[in-house]
Amino acid sequence: MRRDFTLFTIVWALVTAASLAVAYFILRDMSFPTHGAEEASVIDDAFMALTYLACPVFGIVIAAMVVALLKHRSSGPNNGDGERILGTGSLPVVWFGVSSLLCAIVIIYPGLTGLFELRDHKDPDLRIVATAQMWAWTVEYPDSKVKVFGAQELVLPKDETVEVDITSIDILHSFWVPAFRQKMDAVPGQINKIYITPDRVGDRESDAAYRLQCAELCGLGHAIMTMPVRVVEKAEFDAWLKQQQSVTEAK
Amino acid sequence: MTRVVRAPIVVGLVLAIIGFAFGAGVLGAIRTARGQSFWEIEVGMSVGYVFALIGWLAGVGGWQHWGREWFGLEAKPYTLTGWKRYFGFSPDHKVIGIQYAVTFIVVFLLSGLTAMLIRVELMRDGKQIFTPDQYNAAMGFHGITMVAVAVAVLLGGFGNFIVPLMIGARDMAFPRLNALTYWFVPPVAVLLIIAVLMGGWESGWTAYPPLSSLHTKHGQVLFNLAVITFGLVSILGGINFLVTIIYERAPGMTWSRLPIFVWGAFAASLISFFFTQALAAALLMVLLDRIAGTSFFRQAEGGSPVLYEHVFWFYSHPAVYVMVLPGFGAALEILSHLSRKPLFAYRWVAGAMIGIVMLSGIVWAHHLFTSGMAPYLHAPFLVLTEMISIPTGLIFLGAIGTIWAGKLWLQTPMLFALAFIFNFLMGGVTGIYLADVPTDLHLQDTYFVVAHFHYTIVGGEIFALFAAIYFWFPKFTGRMYNETLGKIHFWLMFIGFQLTFIPMFRVGIQGMNRRIADYPHEYAGYNTFISLAAFLLGSSFLFFVWNMASAWLKGRVAEPNPWRASTLEWQVSSPPPEHNFDEIPVITDTPYGYGGGPAHHRPFAGGALATEEG
Amino acid sequence: MAAFTEAAHAVAHEPHDEVKHVRMNRLGLWLFFASDGLVFALLLSARFYMNGTDTAPDVKQWLGLIITSVLLISSYTAYRGETALHHGNVAHGRLMLMLTILLGVGFFAGVVMEWSIAEFTVSEGYGTSFFSMTGMHAAHVASGVLLLFLAWRKAGKGYYDGGGLKAYGVSGVVMYWHFVDVVWVFFYPALYLIK
Amino acid sequence: MTRQVSSASSHHGGSEATDQKRGLTVIAMLAVFTLVEYIFAVVLDAPAALVVILAAIAVVKAWLIVMYFMHLPLVWQGEEA
């Protein structure tokens, strides 16, 4: 028993350390798509925090299984029984208490704190309206009366907070740019809002994360219901907007 | 010839066709009288189906053995014997258990084949074998059939066969209701297959409106009817289990002496009998919007798709516990017997199961974090959902406490049960990310979710299912499976499973969303790998089918208790005698009498229950 | 439904304890009520979700009051019938069951009438709630009438002679009838009275 | 294993006449409640309050039916032999 516990502790420490190392050195840099907006930090940090917390928990179960598998195998049912441990003592109480505590931690951080951080929107510098239909997006810049549709590009300025008003004219769709992380359904007859602050220049050409992708099953064209996204410097954005305006007026 | 014609299935089919013609005809007559066209496909199919279902159930045996009594006539006796019992109306819970198990394993394999086709399509970007329409049909079919398998195979198959034996009962509380319940299943399969042949339905297994209520093909109607029918199986089966477990326990089989699998079945039944009606209600609303012109999901009339999402997930989240709770039960049962140790922290584990039942009904809206539901609902549902991890943690405590310092006999069922612990750990941990609003905003509807629920349902329940299949195979059939083939199956399945689903987590985080027939070229590398691994996973079932078929036909004859296990079902012959017990046993202690504990359930040689002293 | 759980004794392998048998049936029936009740509860919730607390101004209050009264009275006659059969008074029990059937048919006719004179359509928001709720309820009424008829017929053939536990079949059917009434107790104010 | 139950609230406790009398009492109360509902709906011009009142009355009516007509307590009290 004693040696079991020693082995358990060693394996637990090893598994925990190894998985923490993998999480810190590999997952943290490699997992996520391009970090394209300030809000992405909240989500990525939450993801990593949950991963670090999961490592020791993962380790406990793995260590227990390793000990059992290494040291307590038997070749048949007639080799006697295991020890009669009923688990009626204080261990379940401790386990229950610790898991409740962990649960409370996870609820508070990164759960509720992250939720309120995302909710706490700054005043938007720019408002756009994204309208979904089967199977294309229309994005409107109401202040400058510019509209882009289908395979055209959604262009956003860097370091400006954008309010996206999301709606649909037929069925459910969902607005999702992987680089910006947040996702919101387009519901017919209802306007859902998200706030994003792009903080890195990028475009679809070089990065699949810069695409507006429908993320709610909408039938035949669901997979191809995308729109390229390009984030540019403010000056470039203004120029683009002006150019689009003239195109619109020329029509 | 007359024998073939009188076979229950043939009679059922004939009456189903007559029923359909009657229903559709009466409807057509009414429509004609009101100046409408005689035949309108969606209304016609719906009304015709209701009568076809009644005709089928009556013909397959419901009338002969039951319905006659309602009209004051004498019910006919059961005449089918031998293998024919499996194709007729049988009140024997063991026959019904095998009916469920075989049916749903066949459906599982078919649906798995569909998954292989889906992986062929997704092997590279661009079109491989499916048009987007066909892809959606295949995906919807895979989704709903696997959900049906997951809900019914452990509870319907193993619950029916094992639970009455475990609690020392002669049969279920309502044997005829049990038989009738099973015969609801074939119409469900037929409807889904016809729906696929008609081009499928585009809305997946979740059938979100307004896509499902306004835009999909006629197959949607058949889908809705099939799922509503399947709901009845769940509800009636659940009621039957609850009453059986409450009233049919043998003397001395107190609540704290129930084997843990019975607790799992009890907890799952609590969910399935109550919540399943929410699914029926949601799909009924979609059906009414399609065939009766109601406006449940039209914004202009006050309706809303979000209403559907609430009602749908009010069932469909608890449904995952209908799937995994019997899985917990089966895995813990096997861990205990094959470690030769009492179940660790029995009361806590049973309590945790009931805790999961209680929490399951109040967490549904975590599926709606990105749906645009009222923002004030986010925080409470985040809190409640995370709380599910507490009872689930206690299940893990039970599992690892049971194998701690045991005598692990690493036969195939034990390997599957151990893999269950690992897989469900992965599934449980990744569930936390999805319950947490910030991370869920990114991960919702991506392959991360796909990987997560495959880890919980396939890695959890289906691994437990295979543990159960190998563990109870000798009891079901009286024969022993081939251990080597079983181990090959296990290792191929386990490795194939990990290689398939671990990369899915990453590709999901990276930005690949689910339910798409095509994806940006950037994700092609991962998907090729995933597809190849999936084929490895798929190939493992060849060994399974071979093993099962050859063992059942000509395997070594099994002893009554090859595992030397201590629960009641092992104390009778394999397969068990028709009435289970010659004398109802009297229970005097817990079912896990290992390690020098009281030995009242101890194994014995011979076919009948040994009468034990005090 | 009621008779689903009725009388599984024919297949029991040994003579069941009759009392236990009735207890199991009773519990099964109540579980069914809980389950079926959820559909009605969800339709009721959907009604408030869609229409708030508005009712259409043109629902026929007089008709609503009449059919509500008819259904309530039918619950009373059903109770009388059940009690009479329980005490072995078959003739009176059958009379009351028949009266219940007639009242049930009357209620059903009232709903049909309401449907045909309604001044709103099924595709309006209120119409959606109204027609789906009354339709679902009426379908239960219809099946209840059918079950009552079967019980009435069996009572005539002497199946419930002697009363007591032998008459449980009637109790089951009548409980189902009361259950349909309980649903209407909630539907009536929600569909007619609130404004 | 069965208890003789003659709980006044639940079942055919006594003679047929007593049982029938109880049924009459219950239906009378239900009738009164229904009438009260209707009158409230006609005269009360406060929608929110009306919803609460009607819901409360409906619960009482349902309770009467469930307890006295449907004999809910027999589920746990058991049957009389």
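Labels for the chains are A, B, C and D, by order of writing; each one numbers its residues from 1.
The rule we apply is simple: contacts are C-beta pairs under 8 Å (C-beta built on N, C-alpha and C of every residue); 3 or more make two chains touch, one makes a residue touch a chain.
Note that the coordinates shown come from a computational prediction; the quantities given were computed from them, not determined experimentally.
For the pair subunit A and subunit C, the distance between C-alpha centroids works out to 50 Å.
Once the centre of each chain is set as its mean CA position, subunit A and subunit B turn out to be 30 Å apart. Multi-chain contact residues of subunit C, defined as those touching 2 or more other chains: 20, 23, 27.
Not a single residue position of subunit A touches two or more of the other chains. Shown for subunit B are the residues that touch two or more other chains, namely 304.
A linear topology is adopted by the chain contact network, the touching chains following one after another without closure. Shown are all chain pairs that touch, namely A-B, B-C, C-D. Interface residues of subunit A facing subunit B in the complex, by the touch rule stated above, are 1, 4, 31-33, 42-43, 46-47, 50, 54, 57-58, 60-62, 64-65, 67-69, 72-88, 91-92, 95-96, 99-100, 102-103, 106-107, 110-112, 114-115, 117-119, 134, 166, 170-172, 174, 176, 178-179, 181-185, 187-190, 192, 208-209, 211, 213-224. On the subunit D side of its complex with subunit C, the touching residues are 1-2, 12, 15-16, 19-20, 23-24, 26-27, 30-31, 34, 37-38, 40-41, 47-48, 50-51, 54-55, 57-58, 61-62, 65-66, 69-72, 74-75, 78-81. Taken in their complex, subunit B has these residues touching subunit C: 65, 69-72, 75, 78, 91, 170-171, 173-177, 180, 235-236, 238-240, 242-243, 246-248, 273-278, 280-281, 284-285, 288, 292-296, 298, 301-304, 307, 311, 314, 578-579. The residues of subunit C lying in touch with subunit D in their complex are 17, 19-20, 22-23, 26-27, 30, 53, 65, 68-69, 72-73, 75-76, 78-80, 83-84, 86-87, 89, 164-165, 171, 175, 178-179, 181-182, 185-186, 188-189, 192-195. Interface residues of subunit B, counted against subunit A in their complex, comprise 132-133, 136, 202-204, 206, 208-211, 214-216, 299-300, 304-306, 339-342, 344-348, 370-372, 375, 378-379, 382-383, 386-387, 389-390, 393-394, 396-398, 400-401, 403-410, 418, 421-422, 425, 429, 432-433, 435-439, 441-442, 444-446, 506, 509-511, 513, 515-523, 563-564, 594-597.
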